[in-house]
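What follows is a pair of complexes built around chain A, which joins chain B in one and chain C in the other.
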Partner chain A sequence: MLNKLGEGTFGEVHKARSHVTGQLVALKRILMHEEREGIPITALREVKLLKKLKHPNVVPLVDMVVTKGAQTRMDYWSTKDSKGDIYMVFPYMDHDLAGLLENKSVRLSPGQIKLYMQQLLEGTDYLHRNNILHRDMKAANLLISNAGVLQIADFGLARPGHSKLAWDGIDIRKTRYTNCVVTRWYRPPELLLGETNYGFAIDMWGVGCVMGEMWLRRPMFCGSSDLNQLEKIWSLCGTPTEDNMPGWGLLPGCEGVKNWPRQERTVRQNFELSMLLLDPNRRITAAQALDHEWFWNDPMPADPKTYVD
Partner chain B sequence: MAPSADTPVETNGASSSKKPLTLYETSTQYKHWRFSASQLEERRRRMNETAVNAIRQVHKAEEEGSSSRISFLTFDEELLLVKQYLTTIPKMCKLHQFPEEVEATAMTFLKRFYLKNTVMDWHPRNVMLTAIYLATKTTNNPMAIDTYVANIPRTTANDVLELEFLVAQSLNFQLAVWGPHRAAWGVWLDLQTLQDWGKEEARDAFAAVEGYVSASRLTDAEFIYAPSQIAAAAWHLANPALLEKWLAAKGESGALPLIKSIASLIEKEGKTPDLAVARDVDARLKICKNPEKVEGSKAYLRRQAEHEQEAAAKRQKKAERAAKALADDPFATEPINGVEQNGSKIGEVDMDDDD
Partner chain C sequence: MTSNFWESSHYNHWIIDRITLGQSREDDLRHATAEQLAVINIFFANMIARLGKRLGIRAQVVATAIVFFKRFYLKNNICETDPYVVVPTCLYVATKIEEVPLHFKPIATETKNMYVQDYGLQITMPDPQSIAEMEFYLLEDLDFHLIVHHPYRTLMQLCGESNASRAVGESEEGEAGEAPVEGMRFWSTGKGTLQFEEAARSQAWSVHLGCRCAIPQTHAWNRHIINDTLRGDFCLLYHPHLIGIAAIFLTLVLDGDSRNRTDETEAPSRGYATRSKAPCDPPPNPVDFLASLNVSYNTIAQIVQEIISLWTLWGRHLVGEADTDRKGLQTSRSGNQGMSDDDVIRKLVDMHRARKRDEQNGVQSRLFEKPKPPKPVKKQ
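Then we have the complex of A and B:
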């Protein structure tokens, strides 16, 4: 165990060195304090999902470590106050994108931004094709190695999306999820307005925010409250209308606060803003974004092989 | 048992390496939880022997007299008891109105657990309750622990949660389970694309298929065969002619002998064990279970004292190390967190809360 790296949705992350392979790893501890319901369902979801996923731009779960307190046969011991801990083991990555962007001495060329965006979209497309909503897309959850590889991390809020087949008689149109997901600054307008039947487009809003953040070197919309967050979004994307966000007025969050002063979209349509469309149904998908000509214009995405940190 | 059951059925290796993997082949179930019938038997036999030897040692250390008079469970008696508790899972799930996915997953969890552990260490009643609770969470059908135990006699929340780590770890945290019920549903849908498929006949058969799928969960079929093969066997038991027609339409008639052998396994093994026999085994288990696992017993207390001694020694060592670090660095005011600690290795990292 070397040092603490940070804190995630439900656990601390520590840097450590494997005594077996000698490699640096990140240990994510599943917090069990005051966990009335046993191992948190979010942790089980994350483990189950990660074991299924295998993609260069999705962080791989290398192993699970259980400390003394819960070993198998004969070694097993558990006293009431020390229950042992569960750690997820990931390869150690040098940076996260939020840290890189805060660091004034790091310059990102347009080619590098394209390289990262391409990898972010490849990873996101892979998740969505496998029917997984990440639900916490943000710069701090994107890990970057010194070799220029980007990996999507932190599946603590992720869950399967709508199944294509109606299974066990569940009507998919009635599926409801909690809308208390996604860090506020990266939360799309439909969630802020209380939508509970959302889809993959919520991740794409986050991807759009991350892209803007790479250009601006600061988060795009730093709302101080949910309402303030919406106002920040309206000031860039315009206030919602039946035209740019059909059905918005029916969302539960709109009650009592429908009268925003009319604002027009202040920016022209371009690649990143097709991810920041108010209407989730018109927002670009990861697969469409990867086909966008932006990736085929100069400057081309940087080659990770020539990448020097 | 059919000879084909002695080797894993799916072809793998060179011949199929060029084909893209099926979704099932990328699963942890395919990679880590497939065995031949003889491998399963060998594994259970060895685990039973190890457990009996270990428990004999404990008795010896306790000088509670010779353990030679104790009649330990054999590996097939252990299996019988596990099976008895497997049959309880559907009842428990019905009681709590959990969907079939929870039932199927919990049964797989319980069976997998006893490929790594013996009933003489961990009683299947408790493991069963934990397996169901864990399955509710991994299949996204969560229920508050208090609500769950409220319906179960003589059981506290702690009884269920205490074993959760152990169960999850015995499963290697491989929590995704592929059962034959989905595959059986798939065959049902696919049948409807056949010409002259006979709606009434197929509908009647499907009701029976669900029963055979449930029966298959009491057997080792899922460790030996793919979910789709078990599903086909369930259809064959329900309506052989219909399934054979479907196989022919798919160009898979060659699979029929295998499917028939799975079907006979389900018929032979997919039955609730004789309750009287199971009771007798359970009664003997009370005498032969590992005394170290019996709260309050001499062996339990000795083990606890040992454990505390170990922990104290560890704390002492840690304090010495910290003191040494302090002595080496006159400017340090507290032990430096970044110092790499010796002697701990990954897999059993020393991360006690006591520092």
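Then we have the complex of A and C:
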């Protein structure tokens, strides 16, 4: 165990070196918030999902480590203070995108941005095709290795999505999600307005924010409250109308914002903004985004093989 | 979520062979006969199912819990652990995995009620804390492989979706409403589905209880073949789709009525009609349909054989009687040496004592001589 790297949704992350392979790994400790409820269901979800996923742009779960408090197995149900810790083991990645962007000495060429965007979208598309909503898309959750590989991490909020595909028999169509997901700056307008029946488009909003962040070198919308967050979004994307966001007036959270002065969309349509469309149904999907000509225009996405950090 | 069984931990780590299964039970077999152990397994699977019923939990969750229980005891001995804690823990973890989480408290309370009311157990009741702790060990011994594939899905795929509305009623019943999985079914042509009549379909889930005691009893028909397989070791030995097909096969055999009806293929709406891609295709005979599936019929035959021996075994003993219609049978069968619930409970106490004695006499537990029991075969 080397040093603490940070704290995630429900676990601390440590850097460590494996005794077996000698490789650097990141250990994510599952925090027991509520002792009464055992291992948090979110942690189990994360494990369950990660065990199932395998994609170059999704962080792989290498192993699980359980440290024991109990001395022998024979008496483990008789001793009461025998709780150990559970760690998830991930390969160590050199950076996260948020840190990289804060670092003034790091320059990102348009080619590199395209490279990262392409990987981010590949990963997102993989998740969505597997019916998983990540629900916490943000720069800090995107890990980047020195070899230019981007991986989506932190599935602490991820859930199976609504879709025609069955999720092991659960009738998900009736399920309503909590709208208290996604870090505020990356939260799409429909969530801010209180939608509980959302879909994959919420992840795409986050992807769009991340992309803008790569150009601007700062988060796109740094709202200080949910309302302020909406104001910032309206100022870029225009206020919602029945035309650009059908049904918005029916969302529970819209009361406070109904009488806002009209603002027009200030930026013309381009690739980035196709992910930042107010109407979640018109927002581009990961698969469509990957086909976008943006990736086929000069400058072409950088080649990770030539990537030197 | 696309669940590719062939890439799952279920297939890669948890389908084992009989030898491994036997090895994992060596310790317990020192203190109980194989038959007693099998009865104990039925006993606990029943117990989980009953607890699930009390808590109003769906069949699939119960099934997952039972599979967890069985996997846990591949690495542990019944005589060395407290299965009465493992039972609620398996159910507790299963509810979390299947996205219908329950709190410790109702589980602990209901477990206690069940132990007292249904089994008359006098033990230290598992409290939330012991369940929380057990969860830890359970997850570890499951290697955090949490997704379990069940034969219910095969049934739904092969038998079509027409009756999706039929369904959930009883908690012991399987899941309808499960859409067919996209993706390759390597073992089937993917063409056409068998359409069972309502009754026949529920029967693939259900077992003709009567055949266990050789008395046809219509009112007992809503036991479930697949649920029954969970009482045996099928989920550890065979692929879920094979179990599913075996269940369908058995249904065809047992449900003589619907089989006769199929012969009048003139009236497809009554018997098993078949829906294939082109609706005007003549409905294939169910036998042909099963034969067209790309699966090993030797294996199917073996599973069917084993299901039948499970029933025979189950019929010989009286475990889990309290909740079934077979209660009445109890009287008619007094004097036979089958084990009842009480016998099982006593046997468990004996086993624990015997193990303790062994421990004192320095007899090592086989499981812990080696650091870990033989890992289930087939690493990726």
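What we mean here is this: the second predicted complex is superposed on the first by the 281 of 309 C-alpha atoms of A that agree within 3 Å, B and C clash if a C-alpha of one lies under 4 Å from a C-alpha of the other, contacts with A are read in each partner's own complex, and residues count from 1 in each chain.
The criterion applied here is as follows: a residue touches a chain if its C-beta (ideal position, glycine included) is under 8 Å from a C-beta of that chain, and two chains touch if they have at least 3 such contacts.
Since this is a predicted model, take the numbers as computed values, not measurements.
Of the two partner chains, neither chain B nor chain C is touched by A:293. Within the superposed three-chain model, A:67 lies in touch with chain B and out of touch with chain C [touch as defined at top]. By the document's definition of touching, neither partner reaches A:243: not chain B, not chain C.
In the superposed model, A:89 lies in contact with chain B only, and not with chain C. When the two complexes are overlaid on their common chain A, residue A:18 makes contact with chain B while staying clear of chain C. Considering which of chain B and chain C touches more of chain A, the answer is B. Put simply, chain A uses residues 36-39, 41, 44, 47-48, 51-52, 54, 64, 66, 73-74, 76-77, 82-84, 86, 160, 167-168 to touch chain B in one complex and chain C in the other. Within the complex formed with chain C, the chain A residues making contact are 35-39, 41, 44, 47-48, 51-52, 54, 64, 66, 73-74, 76-77, 80, 82-84, 86, 129-132, 160, 164-171. Touching chain A in their complex are the following residues of chain C: 1-3, 7-9, 58, 60, 76, 80-82, 85, 92-93, 96-101, 103-104, 128-137, 139-140, 143-147, 152-153, 175, 177-182, 359, 368. Looking at the complex, you find that chain B touches chain A at residues 26-28, 51, 54, 99-101, 116-118, 121, 133-134, 137-138, 140, 142, 144-145, 157, 160-162, 164-166, 168-170, 172-176, 182, 292, 303-304, 307, 337-338, 340-341, 344-354.
Listing the residues of chain A that touch chain B in their complex gives 1-4, 16-20, 25, 27, 36-39, 41, 44-45, 47-48, 51-52, 54, 63-74, 76-79, 82-87, 89, 159-160, 167-168.
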